[in-house]
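By letter and in written order, the chains are A, B and C; residue numbering begins at 1 in each of them.
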């Protein structure tokens, strides 16, 4: 890694941590996820809900926090003309864009591990049971991986759209409305980034949600991320800032 | 040190810049003057690698801005507004810029002191006045103690005291051997500050030379400016 | 004179909405989502066929309500150009400004809901009870105002957008909560949905009118709160 790249990742990390919206989003997501874990733990079928089910089920909802995180990290550049400062301090656009995504991935991974871990612990208290350590680690790893990839995908989409509300509305409509509706009715939905990644975080999924193994699913989601990042990088290079 | 060479920029069918060429040299303050919409900002944005030219080049010591090894030490740029996100504090903004340039944190305190923002360093940028925002942008530009300063309408938003301060400051930068390029549509404010003048109108350079050459037989820079740009509709 | 001023404020708000690309996109989503699902679903025999699809299309008016409020405060890239300052110099009475805005949002939401409902129900071949269709339109309008009120209160489009769209998803959060506490049936969406959906798996029965009234009460409360803070704080 070149000297510049390391510095710029450091700069992007400093930027990310000093933006109140990122902490608030991460914190709000953590709290909401823990509350949902309580709800899932309490609402589950009598005797049938495992700690991991209740602890991981909230991911389906709390991914919204990670989508917001990805969008806000990118569109905040367009507030107050900050992008001009960014590009005069870090003028090589591909490197800058990738540095931002690397620092975002680190932040998202950390937030995801804490969120999922907390949800599983809370679910354990509510359900009054324990999960095996290996299964818990597998669940946390898969869920954190999925959430990190989702954050990156959202960031890339936001970099293409460049505006907060349209980017967020589009992503939310896909993840919470179009995606779930399509997956119940069409085969190609298996390969959409939300459905493909389902078993990464919810190993017990069935039907189209369970069609791909966690690893295959991860590969498909990763492919979407790579594609979106390639498009966003190209757009970012070409456009006037 | 800053060399603009045959720059042309089209946006759709509109011709924003047409064959713009000039130079800003070391030890001198170059004033880039023209009415609003003449192409000043577009030229500076291309120089800073923010916009792409249709043809032509803009170089810093013979290199494109984006290819500079250490951009913050080479060029400090002040464009419109604060260039900072409103929910960050002034210090946090300077901290990340410093990190990008590998500049030590104590330099952040120095530049805050220099632009007299130390007292507001922990306030969020959203609560800054227009003038404070401009001073924060200047602080960011000065972090790397750059060889050249590029300022777009630096006087906008400053109070009379601030204008006086920045004039003196820019003269001192030039006297110390640095390059200063500033754009403005306010002629009266500048005649005591600039050494060289480039006048642009409707995307074309209509005159360039030393202040004395441009002013020539006319009473002052303002008269010369209006004589050169008359018919621009303003 | 007062009526004239109120009318021109209303017209101003309508043209503001019409000039926002996001509003047009929202309208497109509001029609395409339910119609698209209806096409995929064509064989459905449920008594709620067509109406379930409309429950998803409500996302269009969510975006509409959010954008109507957030566009006054928050435009990317234009930090110092908050439209609210201009708006309040043009229509200085904050009450009139807000009423005009609410009227404009209601107008657009009603038009969008009627269009979406007619298209969707035709596609599905549902013999539409007029009262149920009316219920669906009211649900859309109240949801738009809910989104508007939340955004007005928070001055930030992100939170209402996330909460409301998330809660339009297939298994909504409020539905999940209803599994834990029966009180959750009084959430605005759970109550309002009774206006046009007949098969609901919820612990408490509410008539369409009662459901509508509960949802309307939420909207009124939120708008009053939004009103109060909006009138007090600096633009």
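Side notes on the structure shown:
What we mean here is this: a contact is a pair of C-beta atoms (placed from the backbone, for glycine too) under 8 Å apart; a residue touches a chain by one contact, two chains touch by 3 or more.
A quick note: this is a predicted structure, and the numbers were derived from the prediction, not measured.
Distance from each chain's C-alpha mean to the overall C-alpha mean is smallest for A. Centroid analysis (C-alpha atoms only) places B farthest from chain A.
The geometric centre of chain A is 40 Å away from that of chain B, both derived from CA atoms.
If you average the CA atoms of chain B and of chain C, the two centres end up 47 Å from each other. A separation of 27 Å divides the Cα centre of chain A from that of chain C. Of all residues in chain B, those touching 2 or more other chains are 81-82, 86, listed in ascending order. Looking at chain C, residues 79 sit in touch with two or more other chains. Of all residues in chain A, those touching 2 or more other chains are 79-81, listed in ascending order. Against chain A, in their complex, chain C makes its touches with residues 22, 25-26, 29, 33, 37, 40-41, 56, 59, 63, 66-67, 70, 74, 76-77, 79, 157-158, 161-162, 165-166, 168-170, 173, 176-177, 179-180. Those residues of chain B that touch chain A in the complex are listed here as 45, 48-52, 65-68, 71-72, 75, 77, 79-89, 92-93, 95-97, 99-102, 125, 137, 140. On the side of chain A, the complex with chain B involves touching residues 3, 7-8, 10-12, 14-15, 18-21, 76-77, 79-82, 84-85, 87-93, 238, 240-241.
In the complex of the two chains, the chain A residues touching chain C come out as 36, 39-40, 42-43, 61, 64, 68, 72, 75, 78-81, 162-166, 168-169, 172-173, 176-178, 180-182, 184-186.
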